[in-house]
Structure formats: C-alpha cells, structure tokens
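Have a look at the structure below before the remarks.
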Amino acid sequence: MVIYILRRLLALVPVVLIMSIVVFLIIYLIPGDPARVMLGDGADESTIQELRQQMGLNYPLLEQYGRWIGNAVQGDLGRSFFLQQPVSTAIREHLAPTLSLALFAQFIAVLIAIPLGVRAAVNRGGLADKTLNAYSLLGISVPGFLLSLFFVLVFAVRLKWFPVSGFAPLHEGIGSFLKFMFLPALSIGIVMSSLTARIVKASMLEVLHEGFVKTALSKGLRQNTIIYKHVLRNALIPILTVVGGSFGTLVAGAAVIETIFNIPGLGQMLVHAVERRDYAVIQGMVLFIAIVYVAVNLAVDLLYAVVDPRIRLQ
Amino acid sequence: MTDSTVQEGKQQARRTSLIHSQPVRRFMANRTAVIGGVLMLLLIAASLLSPWLARFEPQAVDVVSRLKPPSVKHWFGTDNLGRDVFSRTLNGTKISIQVGLTVALVSSAAGLVIGLYSAYYRRLDQVLMRIMDGIFAFPAVLLAMAMMAALGPNVSNLMICLSIVFTPAVARIVRSSALVVKEQTYIEAMRALGASRTRILWLHIMPGTLSPLIVQGSFVFAESIIVEAALSFLGAGIPAPMPSLGNLLSEGKQFIYNSWWMTLFPGFALILSVLAMNWFGDGLRDMLDPHARTKRKRSRKGSMEKNTSDNNNEKVSSATQASS
Amino acid sequence: MASENLLEIKALQTHFHTEAGKVSAVDGVSLAVGAGEIVGIVGESGCGKSVTAQSILRLLDEKSQASYSGEIHFEGVDLLKLSQRQMRGVRGNDISMIFQDPLSSLNPLLTIGEQITETIRSHRKFSRKNAWQEAVRLLRLTGIPAPERRVHEYPHQLSGGMRQRVMIAIALACEPKLLIADEPTTALDVTIQAQIMDLIAKLNRELGMSVLLITHDLGVVAEVCHRVAVMYAGQIVETADVATLFREPQHPYTVGLLQSIPSLDRDRAKPLQAVEGFVPALHQLPKGCRFAPRCPHADARCHAVMPLLEAKGSLGSQARCWHSEALSQKEAVGHA
C-alpha cells in the first residue's frame, strides 16, 4: 500500500516538473522586458530596476527557475506588485468561493451523470440511452459560460427565480449560498455531467459482461442491487479517473463562470491580473492549478484503493 | 475544407479498408455527420457572404437606434452603439471559423510531427511526450489565458497560444496509432530491407495515423472555437472592437437585463459552429477511426460467439474437447 | 413418471436475435431431472449445453437478445410462464447455479461473506449476524479450512479450487433442490477438478440435491452422473443411463466422443481418434441430420431428412439417428 502510493507519487513527478517549467517560462513569452511591460511606458528607471530585482530577472535563467521553484515548494509563490501582498495569501483569500463552486458543480454533475449513464447502459437503445447521446453532444458543444448566460437570461432576468449575480459565503447560511450558487454550479455541472455520463455508460457496459453479473442474477438478487452494488461499484475506477482528471478543468471552468456571476474567487482575481499584467499572480495561479491537478490525482489513486481490495491488500 | 477532408478520407479509405466505398457510404448513412458537414458549409458560406447578406457594416455605429430589439430592418436587433447584431454575429462566426481552422491545421501539423517522431525514436519519446503530458495536464482555458497575458491580446497570438495548447492532444493520438502501425510486420520488413527511416516514417507509418489525426483535428477545431470565445469573453483573447463571438457575448452580458438578443444570437451562432464541427467529427470517426471500427467488429463477433458457442470461443475438434 | 421429476424440460427452444437473423441455439430440447439425480449434458463448445443450462434460470437477456419457447417445469410450475419477480424467487433459492470460471464469477470487490450472505438475506429472513454464521457453516460444509477467517477475505486472496468451493457455498445458501453446474471444473487444475467433483457428488448424496452437470468431459460424466444427454448443434442426439451410454452408444457422434477419450490400455501406435470437422454455425445448419456432414455413416437420407429422438437398443437409450440399429450391431461385433 505504501509502495503503491509512492509509485503513484513518483509517476506524477515528471508531469509536475514540466508543468512548473511551462508556468515559469510563460514570463519569457513577454515581448521585451517584463518589468517594463508591467509598469508601462511612464515608469522611471529605478522603479523598473527595483521590480526586476524583486522578480529575480537579473539572475541567469536556470538560477531563476531554481529560486522560483524552491520558493514555490515552500509555499512562496512570489509577491503581487499590484495587490501588495504575497500571491499565496491572495490565492488563499480567493480560494473558498471557487472551491465551493467547483465542488457544488461536481456534486450536480455526479447527481445527473450516474443515474443517466447507468440507465443508458442497462437499457441500451432505450430512452435514457438516446437522451444521453443528445445530452453529451450538447455538453461538448455548449460551453459552460454560454450556458450560464442563457440561464441568467431565463431564470434570473425573465423568471426572477435567482439573483443575476453575487455571492454569499457558506458560513452565512446555506440558503443564501444556494441562491447565489445554484445557476453557476448548474451550468458547470451540466457540462461536466455530459462527459461523466458517457464514461459511466461505457464503464458500466464493460462490467455488465463480467461473469459475476450473471452470478448475481442467478442468486435471485433484485435488479437494482445487481446494478448498483455489483456493476456500478466495479465500474467506479474509470469513472473516478475521469471525475478526478477533470477537476482541474472544473476549477478553470469555475474561474470563467465567476466573472459572469461576479463571484469573488480565483477566476476574478486571474482576470484582473491579466488586465493588469500582474505576472506573479498569473504564474502563481496557474502553478496552483497544477498543484491541484497533482493533489486530485493522488486523491483519486487513494480512492482506487478504497474501492478495490486488490489494490488495498497488495 | 470539408471537401478536401472528405477527399482525404476517401483516399484513406481506399488505402486501408476492405471495401473502399463502404466508409463513404457509412458516412452518408450517418445522418448527423452529413448534417454537421452541411451545417459547417452553410456557416462558412454565410460568414464569407456576410458583406452581401448583411445590410449593415459590423462596425457601423448608429446612435439613434441603440439597443433595438429584432426587427425587419435589424434581424438580430442592435447593440448599445446601434450596431447591427446580425452583421456582427456573422463576422464573429467568420473569426471563430478562421481561428478554429488555423488552430486545427497548425496543431495537427505539429502534433503529427511530434507524435510520429516520438513513436519512432524511443529516447525522443521520453522527452517529447513528457512535455506533451505536462502541457496536456493544464486546463486549456487557463494555460491559453496565461500565455495570452504574456504575449498580449491579438488574433495571431491567440492562434499561437491555442495551437500550443491543443498540440499535445493531437500528438498523443498520432503517437499511439503510429506505435500500432510500427509494430506491424511489413514495417519490420521495410527496415530489414534497408529503407531509410524518414521514408518509412513518412511514407509508410504516417498514412496509418491520418484517420485519427483528421478526427482529432475536427475536435480541436470545435474546442478551439469554444476556448477562443471564452478568452475573448474574459478580455484575454481577441481585442475588444473586433466583433468576435466572445466579445459580442461579453458586450451582451453588460446589457443582459433588457437586451436579450445581444446574448442569444451570438450564443446560438457559437453553439451552431461547435455543434456542426462535433457532429462532423463524430461522423468522421465512425467512418475512419480504425479503433472504433475494430471495436464495432469485435463486438459483433463477440455477440455471434456468445450465440453460437458455449464458453470457449475456439471451436476445437472433439479430441481435445471431450478428452478427460 | 412426470410427477416424480423435479425438473422437466419439454421442447425447449432458445432463440437469439442476431444481425444474421433469429437463430436457435437450443432447438427442441426435452430433458428430465429426477429428485436426487445427477444428470449430465455433454457436447462440444457451441452445442448449446450452456445455453440450455442458462435457459432454465432464464439468465439470458430477454429484453434484447434472447427469447424462449417450450416448457420448463420445476416442481410442476412452468418457469417460462413466471414473471421476472417470481423468477427471482426461484433463482438462488430453489435452483442455483455455479459457473466455469470461479474467479470471474465472484465479485472482486466484495468479501466472500458478503457474497454468501446477500443470497441468504434476499431469500430468507435472517439477521445480519445469523446470516454470517450461516455463511461460515456453508464454507465449512464445502470443505474450506478456517472458514471464520476466509469469510472476511476477498476472492483474489483464494486459490482457484477455494473460489469454486465458495461458489458452491453461495449456491447452497438457500438449500436449493437443484444445482446447475456449468463446466464447474474446466478452469481448474486436474487434481482440484477431482476434489470439486467429489464435493458435488457428496452434496448430492448427503443433501439429496439434484444436479444438472454441464460438461465436455465424458470422464467426469462416467464418475458422477446417473444419466446423461449428449448434445449436438442445439439438439439432444442421445440420452441414456451412464453405463448404457458407455457400453452401447447409439449415435455416431457419441461413438466419436468415446473414441476420443485417451486411456492407458489403448494401442499407443494408433492415433487418438477425433471427430473430424466443426460444429456447424447456427445460421447455416444442414437440412437433414445436423451431424451428417461429419458423420462416417451418412447417406442420402441423412442429408435430406432430420431423424427424430427415438428409443434405440434394448436398454432404454434414445438417439437421433437413422443408422443406430445397424451401428450398435457393428459395435457389438467389434467388441466380440
């Protein structure tokens, strides 16, 4: 089990390394001197030099990367010139709305995807299957931010069931949190669920051919027991992989949606950073997403072990 | 472009499949694919003909008729500066298709080269594919946005960023199908006969990767339209006065309370473009993708086996079957 | 006679709906299993013996793939007329089944105990605790050492033979009157095969449980079965007592199967005889006798007209052959 976790961890190292290099190199895409670009034309030379010093631009490239990644490992993602605070602090302050939105959306996605995918697999060619086909095409063709604009048009502007925008943190009461979060979470959740439902169906279909399904049937178990206790449980590993693997996309999607609903999360912070060319924040944010990616992947690996005793007991 | 793709598809089909007309027939039989292809052609035609179709310049300001709902004069209404939303939507679609097509072509070309060489040279594979995996692990919108922030917002930068973001997806697909072709006996034979590596790679392995490449390319097309719209919407894509769909939606958002047409019509144009490409890609995959094809064949074989035999698939003569 | 039989299959047909059209994997099979009896069904792969077995419990997908006709009477009730709900009450309760590959037949994610108790608790009103005690008892009954520990283990922690014992324990959970064993030893080592067959025979003796044994192995049939049916291309071509079948086979296919068994006292210089050719595909069956294309005795009539399953010989055999009278005389001469 320990070996299993270590091996998984080791497999993620090269990906993280590449991701960090990509993030680091982003700043070198800037045409000209980053410090000059950030400060604009009117800046005086001493301010520019100060910023260059602060960004570490005067060191050789490799050393810059070494310093940057060394600090990042210790949780120091640099300092935002515009926010006048460490990037890690800024991320922490903006994390809760994004994370709660992403999790809520994930919850909705799973709530839709599992029953739909299961029904579609069990009753191939039936109503659920046809629905799934149309639904999944819709899901990959309608971006979440557009769906949420449509939802705002219908449910907020026309029907006035929900507020057009805004945010209330969870600790101020679940009611107001849901009121503000429902539309954004629903639009991300629907897009996510179309992908997940397809995986649920494919994974279920594989397992439905397994011998133990016939055994379960020959035992005289109820259909729902067979489907949920035996088939779905065995189909869970590919489903978990997809759900986990798409969490980064989910957070990114949440970031985009935030700007529509005016939710003070990472997305808004990122958009402002892009407007201001606040590269420390941009780099820090993207690196943070990379870390989230790795963390979720590890969590998924651990979940495999929870689901499958063959991994747990090896 | 659709024609040339179908043409390529035909050649591909003639080369690989048993009955060369069958894939094309299957494509025609696949109604959604045909609808997708036709829809795409219509959208391309409409966006190219927009100067004649629309009676207004996309940028023509008319302060007197601001925020007018759809009418006979302005089919999709007007925006906050009195510009014709219909004309702007057509132009936005044109920009989206331009971006989508360019990104699909560039990332397909880059992905093809990277995928082929990684499949063939093992040491190169270690380096290139690790890099591809690293880029692939980022959410597309986020990485493109970060790069755009550095490069500065304009159309060609956007195309560069999106091409970088989508190359890994293509490279992975090309690599895996090239690996399959590489293992085949005739490639071994070619190598034994002393054919040059470049020749083997481009004349013999590359054609085998074309079908998945084309399919993946069509999905990249669709996906890059979405990401472009998202980036422009967030102000990190195509700069504001240009009527891209993302910019139209962003403007529409500001007036969402009373001018629904500013959001609805560009939104539908976006959905239609992406849907058309996805339909088309699905159809192509059904037609070309050898994996999907063998899978279907296998399942058919499987169901037959289940019906005709008891437990073992092999029909061995009775000597081995009935001996103890 | 009919009232004594626990299971009586009459003219069972099992159809599959394929792309090539409707085919009958089981075509007019009639078979009876008496109380406490062990009946074997033998035949090559693809002859329809497994489909017959699964048809009894109606395990095939009736929604899209398969349909049945004929009658399957179990204790006088026609199973083919039951609703899915009523059928659920029969499965695992009155009739249970074990399969060829115990590894794939067990759910890898659930403990042995969970898999046994879920059967018990879906048919009997047992508390969770009592069901687990019962599971331990069943495991002990099937000869698994340290059942108190094994009950908490997962299938991958057991050996192949142990897994098949677990399958048997699951099958025994509700004391069924009939056990259908579908190639229960095919996937196991030779030494384990004998142990599992011994266990099935013992359970038959001690619990009075009838067994329908599906196998391609005539050696197994000879050891444990009372009666046997030989299947070919979806039909029964011969049924007889085990002793009669081995002494006086009536059908050329049975003769072929018997000759292909290796034995120690045979002439080693002579090659082991195989039945030449292959089982015909279901959508292109011959018009006459289905075995005719492979049969050494086939003549014009065999190719044109399908023979019926009729009484042959003096010992109560039934065979589906135009030539069996002549054949048995020739056999007798050969033996003398």
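For clarity, chains are labelled A, B and C in written order, and residue numbers in each chain start from 1.
The definition used in the following text is that a contact is a pair of C-beta atoms (placed from the backbone, for glycine too) under 8 Å apart; a residue touches a chain by one contact, two chains touch by 3 or more.
The model shown is predicted, which means the values in this text are computed figures rather than measured ones.
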| item | value |
| --- | --- |
| Relative to subunit B, chain with the most remote C-alpha centre | C |
| Contact pairs, highest-scoring chain pair | A-B |
| CA centroid of subunit A to CA centroid of subunit C, Å | 53 |
| Computed distance of Cα centres, subunit B from subunit A, in Å | 23 |
| Subunit B residues touching subunit A - in the complex, by the definition given at the top | 130-131, 133-135, 137-143, 145-152, 222, 226, 229-230, 233-236, 249, 252-253, 256-257, 260, 263-264, 267, 270-271, 274-275, 278-279, 282 |
| Residues of subunit A defined as touching subunit C within the complex | 123-125, 210-212, 214-222, 225, 229-230, 233-234, 307-310, 313 |
| Touching residues (chain side subunit A, partner subunit B) in the complex | 14-15, 17-19, 21-23, 26-31, 137, 140-143, 145-146, 149-150, 152-153, 157, 164, 248-249, 251-253, 255-256, 259-260, 270-271, 273-275, 277, 279, 282-283, 285-286, 289-290, 293 |
| Interfacial residue positions of subunit C with respect to subunit A in the complex | 54, 57, 59, 63-64, 88-93, 96-97, 99, 101, 104-110, 118-119, 122-123, 154, 156-157, 167, 170, 173 |
